[in-house]
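Worksheet for the structure shown next.
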Amino acid sequence: MTVRSRHILKDFESALELLRANVLMMASLTDRSLQNAMTCLLDRQSRNGALTIADEEEVDALEKTVDGQGINILLRFQPVAFDLRQVISAMKLSGNLERIADQAVKIAERSQSLNRRPELEEVSALGPIFLEAITLFRDSIRAYGDNDVALARSILPRDKELDEMNRQITRDLTSCMSSNPSRITDYVHLLFIARYMERIGDHAKNIGEDAVYAAEAKDIRHPTNVLVS
Amino acid sequence: MINSSSTSKPAMEDSTSAPESRKPVSNAPEAANPAPAFRSRNLSIFYSNKPAIKDVTLDVPSRKVTAIIGPSGCGKSTFLRALNRMHELVPHTRVEGEVLFEGQNLYAPNLDPTLVRRRIGMVFQKSNPFPTMSIADNVLVGLRLNGVRNRKVLNERLEKSLRQAALWDEVKHDLGKPGISLSGGQQQRLCIARAIAVEPEVLLMDEPASALDPIATMKVEELIRELCAKYTIVIVTHNMQQASRVSDYTAFFFLGNLVEFDGTDRLFSNPKERQTEDYITGRFG
Amino acid sequence: MSDNLHTWRKIKSGLASSVATVAALLVITPLGLVFYHLLVSGIGSVNWDFFTHLPKPVGEIGGGMANAIVGSGVLLGLASLIGVPVGVLGGVYLAEYGGARTNAILRFVADVLNGVPSIIWGVVIYGLVVIRFKSFSAIAGGLALGLMMIPLIMRTTEEVLLLVPNGYREAALALGISRWKTILHIVMKTASKGIITGVLLAFARVAGETAPLLFTAFGNRFWNHNLHEPIAALPLQIFTYAISPYDDWHRQAWAGALVLVVLIFVVNTLVRVLTRGRTVSVL
């Protein structure tokens, strides 16, 4: 990443830094929420789930702060080029982060319901997909933070793999439901949880796209599929 | 965790004190709401019996940057000059109402305008360092012609003013060169150094950067932000983006009337008056 | 077609510049001729005696114009003492202080006075001073020349001060510098070259005036020891010698004329050199 010299207007420089710091703060909060949700589900620790649920308030507040600061910078300094893209992508990121945190909360809530019931062995099957989702998320944030375009572009194919994993799990869980009807409610929880993880992957992909836009001014969303006839 | 630095303007949900508009000072404690630098009350100014500004009541906050915007001929320069009685240089002017500076009426009958101007300095649109004088002489002229002779004091003031104007490093080896040998942006900063050398409390700036290229303009804007920690600054500008970059409060004048006065963020994101919004969005000139 | 137009334009342009060149030559030529004639006629008689000796009695050969040279110096000194301060301050008043009505009247009066034939000044001072004190004097001569200088210096000073951009006045006043200090230290300093030029022009104009001195200084064949007595002056002496019937005096008159012209030339150059680089903006 090229090191840029400081802007002549110190207020502008510090406003941009503050915005970036807030976004990264929000990302680390979201990361923690996901981590706690995973512990809640896989290790049956409902207390961690409670932490996830508590953190949501802070993430929501940060979303409003980041958006407000972004608008303020646009209003005050009329940034162009690189600076403009930084501000816009920061604001978009905050939206995505908020939704990821939201998914984490939903995972936590359903995990807590599961934890009140006897242990279910299929829960562990969700481990790999959860891990993959979190990894995608962390990579997308790193790509944004480091302006790592290659890493950002790698997220799209991996998200597709995540989607495939989700489809597989859905099929497995559906067959479990028919063979073990007494625990249908629990399997439904698991289905939803898998769905949430797939959503997290999608949001991570969005973050990756925003990272590429911020770094290169290229919009890589919705690539046209030449095979579609 | 969300801390705005103390010199930045209030972030949107962070503003504490309400900017003082047309209402008198609130009962807020001194620290949060210091007394305004200027209070104009029903100020009207007539040039040959034609009103340039009408019935303007406005509190200019202390140690902040206040921008005055508006289309040509709206009276913004007249109002600025009224703050240090420079408008009196035009013959046949008449003043109604008053301007209180630190509690004292600037237009009191026996008050010498020269004394007023020692405390309220001014920087002009076209930089005008005196052509017969070197850089050092230019900075010190206000002090020397007001009787300061002590060599030590003069030298200290020279360095201090040039440092504050962000010019010292560029000219410290060339202090004997003529003032007009500098570039446009440097000349303007020299004029700022000259104005602050007499240690006023207020700096009035009449479109100080409009004759400068963009980089020089930004350097002057950064200088203004740095200076507002020590001085109250009022700046007239026809460039609205400059007003939004540089100022804490903005006043919008139109046809001699004060239309709106508010914190800059608020005025530019959601102005109260339709006229203001029409002007800043470019829907009328 | 456009080719013809282009050629026609070139011809017109060439014609115009030739006419301008010819006009310039027409201006310089008489000047050159005068200098040349003076040089040729006068140089022979310019010698040490000329600068150091008093005129010899009528009929005798030799002698000089020492007293006339010194006398001119004294008269011009007196004239400057009167003319320069009053003229400059008058110009300052016109440019900086006066009201529109007053200024219009003052300017009109000054312009009229500038056009008054110089002999009138002599006659006026004769009536006011010479008759009063019952003698011709250096003071009367200095007064006449000085009064001539006043309207000249006043107008040029005013014009030069008005050329100083208002921005400088505003900047100085905004620093809390009082009005008179602004005018003295900022405005006049900026215009100083122009003011000095104006004073010079008046000086040169007055240095060669003969008519006003006819009835005031009157001339003197000997040294002047008292300003209340008549005094010799170079132009006066030249006049007296030129209309005389003596060849020797004619030669001395040429020499005097040459010296006068050279003196004025030197003074002009000297002050130009001295004020070079002092100010940059005005004149």
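Letters are used for the chains, namely A, B and C, taken in the order the chains are written, and counting of residues starts over at 1 for each.
Keep in mind that, in the parts below, a contact is a pair of C-beta atoms (placed from the backbone, for glycine too) under 8 Å apart; a residue touches a chain by one contact, two chains touch by 3 or more.
Everything quoted here is computed from the prediction, not taken from an experiment.
Student: Looking at which chains touch, is this a line, ring, star, complete or other?
Tutor: Graph shape, chains as nodes and touching pairs as edges: a line.
Student: Identify the chain whose mean C-alpha position lies nearest to the mean of all protein C-alpha atoms shown.
Tutor: Chain closest to the assembly's C-alpha mean: B.
Student: In angstrom, rounded to a whole number, how far apart do the mean CA points of chain A and chain B lie?
Tutor: Comparing mean C-alpha positions, chain B is 48 Å from chain A.
Student: Would you mind pulling out the distance in Å between where the CA atoms of chain A average out and where those of chain C do?
Tutor: 92
Student: If we count contacts the way the header does, which residues on chain B are in touch with chain C in the complex?
Tutor: Against chain C, chain B makes touches at 84, 86, 89, 114-119, 121-122, 124, 126, 128, 130-132, 141-142, 145-146, 178, 180, 191, 194-195, 198.
Student: In their complex, what parts of chain C are in touch with chain B?
Tutor: Listed in rising order, the residues of chain C that touch chain B are 165, 167-179, 181, 185-186, 189-190, 192, 278-281.
Student: Which of the residues in chain B end up touching chain A in this complex?
Tutor: For this pair, the touching residues of chain B are 1-2, 4-5, 7-9, 11-13, 215, 218-219, 221-222, 225, 241, 244-245, 264-265, 268-269.
Student: What does chain A use to touch chain B in their complex?
Tutor: 8-12, 14-15, 18, 22, 25, 62, 64-65, 68-69, 71-72, 75-78
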